[in-house]
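Here come two complexes built around chain A, the first alongside chain B, the second alongside chain C.
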Partner chain A sequence: MTNIFSIDWYFISLLFFIGLSCILISKNMFKQLIGLEIMSKACLLAVILSGAATNNVNLAQAIAISMILIEAIVITVGLSILIKIYKTTGSLDLRKLL
Partner chain B sequence: MTYHLALFILIIILALAAVMAKNMLFSALILSLVSVGVSLILFTFASPWAAVFELSVCAGLITALFISVINLMPKEKKLLNESRLKFTLLPVVLLIMAVISWIYIVPFFEYLSKHPHLSIHNYPLGQIIWKDRVFDLIGQICIFAAGVFAIKSLFARSINEQKSHKSQVTGHKF
Partner chain C sequence: MTISLLAYLLIPLFSAVLIQFTSRYKKNLADIIANITLFAGFLNISHLIFNTAKTAKFSLPPMAQDTFTLLMIFMIYMVALAVSSFSSGFLTEEKNRHHFHSLILVSVSAMCGIVTAGDFFTLYIFVEALAITSLALIAFDKSKKGLKGAIKYFFLNFSGSLFILLAMAILLFTIGTFSFAGIQHLTDPAYGGHWPFQVVAAIILLLSGFLIKSGIFPFHIQTVAAKQGAYSPVSAFMAGTVTKIAGVYAVIKIAIIFNFFDLKLHEISETLMLIGAISILFGAAFAMRQKDFKKMLAYSSISQTGYIILAAGLATPLALLGAIFHIFNHASFKTILFLNEAGLKKNLNTSDMEKMGGLARSMPWTSWSFVIAFMSAAGLPPLSGFWSKFIIIIALWQGGAKGYAMMAIGASVLTLIHFIILQRKVFFGKISAIAKNAQEMPLPMLAPIIVLCIVILVSGILFPYFYACLIETGIKAIL
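Moving on to the complex of A and B:
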């Protein structure tokens, strides 16, 4: 019988892989931000799962709250860079930046 | 346990749909559903504060930001003009990754979960945030300030633009 924690880690690794592949595959900045968001969600789940596994959920929650706030700031700055690039080049394609 | 696993599978499917979606608006909306799913999982891990933050910030604020940015663009730009082949191949690659993970990752974490380093203390959340990890709060404030400065510098007006804006507002020519 497989442990529930290892199954959770399995799904978290798949979620992280989806985000990473989105960043690697897509040349669109918007899609890359979506991939970053998915990756950060996988990391958030990993932190909480580690806290639950080591009987220290409250510390994991404190770190998760910090992560969520930082994630929001990163996405906001990323979106403002996206708008600036769109105003400059008229496209969100990263290849047109070169 | 079934509810828990069903949520994880739902999140994986939704994340895949968000990545594969051709329409940006559709992608952002599915991402908010992923956030809702993640917050439900956080509730099942007995961490309600993190779940509430995830629900309000990620599913609410970030989705609103995404949608407002999409609305700034013209209609034809909302569709992604990329090769669809690599995105249609993504589920196949994910399936291969799932098989490899099942062979290597599951036994590794099973071994790790048999020897957990259990914490002796589990202090209340308030004490951890306001006493033990005060330095995190300072870091958050610094990152917030850096974000504000970054946005301010990205959308800074040049002196000529400022003058023309003032003249438009006041009707006075500089």
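Moving on to the complex of A and C:
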């Protein structure tokens, strides 16, 4: 049982760092936004996993649903800023904005 | 979250919705509703804070009794009231003024949520709400600079929140709870006296998330860009409360909850102190080199945040008291400095310090309030900033970090020097071309600045009274 969970933690941290490196390396803001999403999916999995492992599924479910809600709002706000940037500068390249 | 303090959260939220419905065509109504809401809240919380002994007899829940929360709510309402009253004079040409006031009210409510939260998940939700509203406030300025600040703020802040979430998952996995009371219960010496390494990893993740949000040295890029890009009253609001509540408050809370002082967490404590010390020196040194008024204030804000983080890292009761009091003082003087900058920018259409000079004659009130604020920032004796820095330095000396104590004294001299340079360039000295046509700010813009100056003076001179009040009610409840 514990063995399975440690494998899960491995994949969660892998997913988290894929997202983080996507934010750090990519120069396109849209790709960075996708990286942010990947990171938040890793966190979602981590919360569900901890809930399942500690027999505390109700709490984990409540947290996961609130997280999905917050994520949706964050992505909406981020996309709206990206649209505004695209309208003013004509591209989504980070180097052109800075 | 406590029932009695919920009103401070819900009433601004209600007013924010009300403004959207009522003031689309009557813009002045938005000013009036926002100011009345904040003023009522401010009166209410000041009554509560000065009569803690009386109100404690009623059935206030245990969380509300700690003065930390009450002082933070007082500070939030004070700064928000100053900013919103200033903006009703500042944003006269802005078409979407009602959105601005709505956003300020929503972020006030989110900040009250943060300081009354009882577990990390509630804290996280309100931190996200605050980040979204402040992002909208930064992007309110439609220039390229505003967007640049907003996008930097967006990516750094929200990846910071994900670190916090991961830490929460680890806490849930290892100790099965993330409520403050539950964790504090576990830290009782009877439990074992030290944390397993998973919890230490969670603490590191939590701290890195909140340090990103507080905009301290390695992550300063977002706050500097955001403050430079945003409208000036928004910068005052950001520097005074938003970054302090979203980041620094949580760092202090973590230091209290996980009990850095008693348990064996020397490594984390030392790292936090090192980060604080670096950002004190870095902020002061960079502030000296800036040509732009606003950028200089932003860097000086980093330096002041460093003091708070330094004290929070030490985490003795005295240091925590100093850190809490310094948050309050920083809010009062930094708001004055940024609002003065806003007034100058509105008047002169520039924030380049080289072009200004000799403004003291045409704008005496602005000039002298600026003097009071920067003297408090540098920690000169009769003012409130002196006391908090004094407490922090004494706590550092007692805690054995004598090198840091000496450095803190040296850095406050640096702060004084860079503000004196600024004062000489902008307000004194040769009268420049643009200074001849400058006029004093109108009364609605000047009033909040003067009130905040009075707060600085009074809380500095009557400090022994406040100290007794804080010690009696606050620290006993916290520790």
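The criterion applied here is as follows: the second predicted complex is superposed on the first by the 96 of 98 C-alpha atoms of A that agree within 3 Å, B and C clash if a C-alpha of one lies under 4 Å from a C-alpha of the other, contacts with A are read in each partner's own complex, and residues count from 1 in each chain.
Keep in mind that, in the parts below, a residue touches a chain if its C-beta (ideal position, glycine included) is under 8 Å from a C-beta of that chain, and two chains touch if they have at least 3 such contacts.
Computed from a predicted model, the values in this text were never measured in an experiment.
After superposing on the shared chain, does chain C or chain B touch more chain A residues?
B
Is A:V77 in contact with chain B, with chain C, with both, or with neither (first, second, both, neither)?
both
In the overlaid three-chain picture, which partner chain does A:L59 touch, first (chain B) or second (chain C), both, or neither?
A:L59: touches chain B and chain C.
Check whether A:C43 is in contact with chain B, with chain C, with both or with neither, and answer first, second, both or neither.
Touch status of A:C43: second partner only.
Have a look at where A:I25 lands relative to chain B and chain C in the superposition and call it first, second, both or neither.
Touch status of A:I25: first partner only.
For A:G51 in the superposed arrangement: first (chain B), second (chain C), both or neither?
In the superposition, A:G51 contacts both chain B and chain C.
Under the contact definition given at the top, report the residues of chain A touching chain B in one complex and chain C in the other.
On chain A, the overlap between the chain B and chain C contacts is residues 49, 51, 53-54, 56, 59-60, 63, 66, 70, 73-74, 77, 81, 84.
Within the complex, which stretch of chain B touches chain A?
Residue positions touching the partner: 1, 4-5, 8-9, 11-12, 15-16, 18-19, 24, 27-28, 31, 34-35, 38, 41-42, 45-47, 49-50, 53-54, 57-58, 61-62, 65-66, 69-70, 72-73, 77, 80-82, 86-87, 90, 93-94, 97-98, 101-102, 105-110, 113-114, 116-119, 121-125, 128-129, 132-133, 136, 139-140, 143-144, 146-147, 150-151, 154-155.
Show me the residue ranges of chain C that touch chain A in the complex, using the header's touch definition.
Listed in rising order, the residues of chain C that touch chain A are 121, 125, 128, 132, 135-136, 139, 144, 147-148, 150-151, 154-155, 158-159, 162, 165-166, 168-170, 172-173, 176.
Flag every residue of chain A that touches chain C in the complex, lowest number first.
Per the stated touch rule, the residues are 16, 20, 23, 29, 32, 36, 39-40, 42-43, 46-47, 49-51, 53-54, 56, 59-60, 63, 66-67, 70, 73-74, 77-78, 81, 84-85, 88-89, 94, 97-98.
Can you tell me which positions in chain A touch chain B when the two form their complex?
2-11, 13-15, 17-19, 21-22, 25-28, 30-31, 33-35, 37-38, 41, 44-45, 48-49, 51-66, 68-77, 79-84, 86, 91-93
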